[in-house]
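Multiple structures follow.
The following pair of complexes shares a single chain, chain A, combined with chain B in the former and chain C in the latter.
Take a look at the complex of A and B:
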């Protein structure tokens, strides 16, 4: 009896509102953005196919600089995230006890600190005359060159912000590495690094890519931290788009910049969605 | 008679190093903010504030813009969370339990929002809101924040409904319970805690949501995080920001305590693709 009931479209009705909302506010804006930037009135007022806003972006040195600083920040953040989170995740996977529990709690903690509070804490600690300067001064050392308002400001902030999910994703991937396979490798005389390189990394390469994709998608167009901690010029794509849209009041060029960020992230986005969908399907 | 000496566990040096470094990198900055919130005078280069006190709490809480932002943020988060629960929970139940055409593709289509860089997507949405005159309005911000909760509020409850023991439901039905009674007495108590965690996280997430509120809401709508941005950018009194940070934190800590179970579990990381 249940089977005959279940083919009825009741389900479709129940999911209709969120699906329509998603179609209207996620799918449609993306197509609309692409459409509006390539199909619009030219100088003579005739509507037609034009790439002029893209040509402008890639011929404007300021835009190019912003794109470059964004690529640099994203790359550096991804690298640091891996260097910091992979050892933490491996340590957590193969230890038990009070200390690993504490380390895990700390590693997840930034998830519960809004980036706006992080930005404020960053300025108080690493900013000019911040806590680090105070401590250095008290032991007679010179002040640091503050990373606040330099490209390193957003890097530090965003690495801090992204540690929890990166560790969680890597840890989840490490779940598939069995203790036996490690012990077997140890028994035949493999060193620590060899175990890491030949046993662990190949098994979690997918998780590593997922973690990187997730971080890249978040960092490439991030707004709050670059806006508050980064330099005014060149600025990352997030603040750049915000300024073009809000202050310069130029929606077409802002959308063009958005579509360009989509293009740079599309490979990571597709890979990420594919992996999540495959994991859920299991 | 020989006694075997208990082998003392080796000191976990790796763990101690990680714990020490992470404590400094993660707890220390927050402690500094906490100290600033209860400081009345702290002149460089003193290591310890010269005078502690609550004077700036009174001043911060006496500011009309802080109160306005706090009420607005609470209103927004409540409206968004209620709307989100109202439309997402039935959908989650349908995804978990009912069979209908296009079920999988629709279920995974909610990932679309995560396949694109978020701020770029916000700009594309803002361009559409510009034509609809939704920029700077309460409902514009509600819509943008509502979209942000969709994936979360559907996927976690779906997992909750799926983990309910079907045999108990069938047993209840066998002894004569109606479908509503089964849902109320068997399904909900099992799925409830996870769903409550999802609702709580969506409330906290909305409360802290900054970028949508900043891009869509300004200048009319000033939520707490948006106010905090302006405090960071152009407020000379350091303590206002510190007090606001500590205030903003309360919901976060509550969420941390209640949501630990969900986040510690593997389902959460798998939801992010781990």
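Take a look at the complex of A and C:
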């Protein structure tokens, strides 16, 4: 009893710094941004409540196209991440020996490559007249249409970039699937797919949710890869916001775009919070 | 236990403090210099200007900082305005390239030195064509050209006018690329050349102050039509690279045959072997692609104001102005009479007869937004 009492202020002190930093650097700017978009001077210079910048965003086809391509990219990336990372994670969990160690090292490797380097490597390898083109050409195959500067460019880059985190989270979730439960299922005649569907997936659904919400949060607001690899138009929200703020000199619309992006991200964030809370309730 | 708790909280506090923004003061005698130019300019300053200046003025040091882009410089200018209001040190002395009109009101706030009246010994050598404001110093120029691969296009057939260029682009689909106009001057000035084309080849029609929505929509609208017209014949049915360097990269990889480039960047790229010797350069003869002078600005409130002015004066010296020609591939900010006759002879080809310019201000935002809305999305690239 005495021990817990003496620990309490220390714990609070330890979390105080990050919490205050978060309040100062993140929470306050969010409220200030929302305030600046809905409470601003009108044509006569009188400050008042207005939603005009939001009305503009949602009535402007160009802005909507940008929002749509962002949602599309995020959705496609999430799907590919799941399709690629789940088999890798399951393989790593259930096999032993040296090869899985190499596979794991390879899967974690993208974590240590900065995205700007990834972008230029991508242009060299998959880009026009890049390595893939040269290899195809040398065996007499036709040129491919490169994904560079199309919406698929950022998708490939961001999927590769997000593989390590997704694999690690899924792997930790798979840790809670015991070998006995799988053996038991096999004993009663379950086939591989049935084991996956009835035994493994229900146990790791939380990890899948966490992994996907982490990846989605990063991809939705990404900047470097969509900017360097993607098309000029439609733009993803990251480059769009940056351009509106810096190049078009239009802070109000840039903040509006940021608030809208934030609203989407908070919806994905709630998934994460909900699955964490559900986990703790167990 | 108590000692451990104490240690933990101290460590936490220290970690927190180390994450707070650092407070530091500008050092006396170290000129804080910022640029928004490409890396070839930063290299030029690092390898040529800095050693020469520090040798000529051993009491000063140059701290070269890349501010990223124009918006980065404006942000530092805004910091200087704020610092002036509280009478503190702006931690900046020299902007390599800046528009003294930005941030708005900076001149009125007394942030920038009036270069004309600052008593620079070399000021009267400056090329009068480059002077736009008493508060900035045009120390170098460069112009946008068209670079092309002579192994694919015979120099004799290289387009010399806008109409020939458009004909060539349409006859060679996929062989021309320009970058997004807000991401680098080569594509940006190609777009501005299209605006000149759409408005009677008269650069004087556009001034810093004459933007209004009706005139803007009309003048730019015609240019968007010209650019949308050639879009399907561009690289990958209308893909636009994301910067000056990316365009050069596409040319170097042999993906495209022709692209607009900055004169200084391309001469350096050829010199360093990034591009082969077979790279040809051509300028349009009906009206040249837009170019201009790069203007430096000195901060009035900087700790090293006087040292920065000495640097500004040094930039106009014959030594540096010659280096701009020979090492940077730009053209000098001083009048050609102040360049040695041998160099004048040698670089006769790149001495521009006319340098069309395009004003910034409201035009810039209108072009940056209008191009994205009207030209970039016109092609359905999924087909």
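We take it that the second predicted complex is superposed on the first by the 254 of 282 C-alpha atoms of A that agree within 3 Å, B and C clash if a C-alpha of one lies under 4 Å from a C-alpha of the other, contacts with A are read in each partner's own complex, and residues count from 1 in each chain.
Everything that follows uses one rule, which is that contacts are C-beta pairs under 8 Å (C-beta built on N, C-alpha and C of every residue); 3 or more make two chains touch, one makes a residue touch a chain.
If you're wondering where the values come from, they're calculated on a predicted model, not measured in any experiment.
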Practice prompt. Report clash or fit for the pair chain B and chain C bound to chain A in the combined superposed model.
Written response: clash
Discussion item. Once chain A of both complexes is superposed, is A:129 in touch with chain B (first), chain C (second), both, or neither?
Written reply: both
Item to complete: Examine A:65 and indicate which partner it touches, taking first as chain B and second as chain C; both and neither are also allowed.
Response: second
Worksheet entry | Partner chain(s) touched by A:17 [first = chain B, second = chain C, both, neither] | both
Discussion item. Tell me which touches more residues of chain A here: chain C or chain B.
Written reply: B
Worksheet item: Given the touch rule stated above, what does A:247 touch, chain B (first), chain C (second), both, or neither?
Response: second
Worksheet item: Which partner does A:224 contact after superposing on A: first (chain B), second (chain C), both, neither?
Response: first
Discussion item. Flag for me the stretch of chain C that overlaps chain B after superposition; candidates: 171-179, 189-197 or 243-251.
Written reply: 243-251
Fill in: Set of chain A residues, in rising order, touched by both chain B and chain C
6-7, 10, 14, 17-18, 21, 123, 129-130, 227-228, 245-246
Practice prompt. Going by the contact rule at the top, pick out the chain C residues touching chain A in the complex.
Written response: 1-2, 5, 8-9, 12-13, 15-16, 19, 69, 71, 180, 182, 236, 239-242, 246, 249-250, 253-255, 364-365, 368-369, 372-373, 376-377, 381-382
Worksheet entry | Touching residues on chain A, where the partner in the complex is chain C | 3, 6-7, 10, 13-14, 17-18, 20-21, 62, 65, 123, 127-130, 145-146, 149-150, 227-228, 231-235, 243, 245-250
Worksheet entry | Complex contact set, residues of chain B against chain A | 12, 14-16, 18-19, 22-23, 25-30, 32-33, 36, 44-47, 87-88, 90-91, 93-95, 98-103, 106, 108-121, 123-128, 130, 143-144, 146-147, 150, 154-155, 208, 210-211, 214-215, 218, 225, 228-229, 232-233, 238, 241-242, 245, 248-249, 252-253, 255-256, 263, 266, 268-274
Worksheet item: Which of the residues in chain A come into contact with chain B in the complex?
Response: 6-12, 14-15, 17-19, 21-22, 25-30, 32-33, 36, 87-88, 91, 95, 97, 99-100, 102-103, 106-125, 129-131, 133-135, 137-138, 160, 165, 168-173, 175, 207, 210-211, 213-214, 217-218, 220-224, 227-228, 237-238, 241-242, 245-246, 251, 254-255, 257-259, 261-262, 265, 269-270, 272-273, 275-277, 279-280
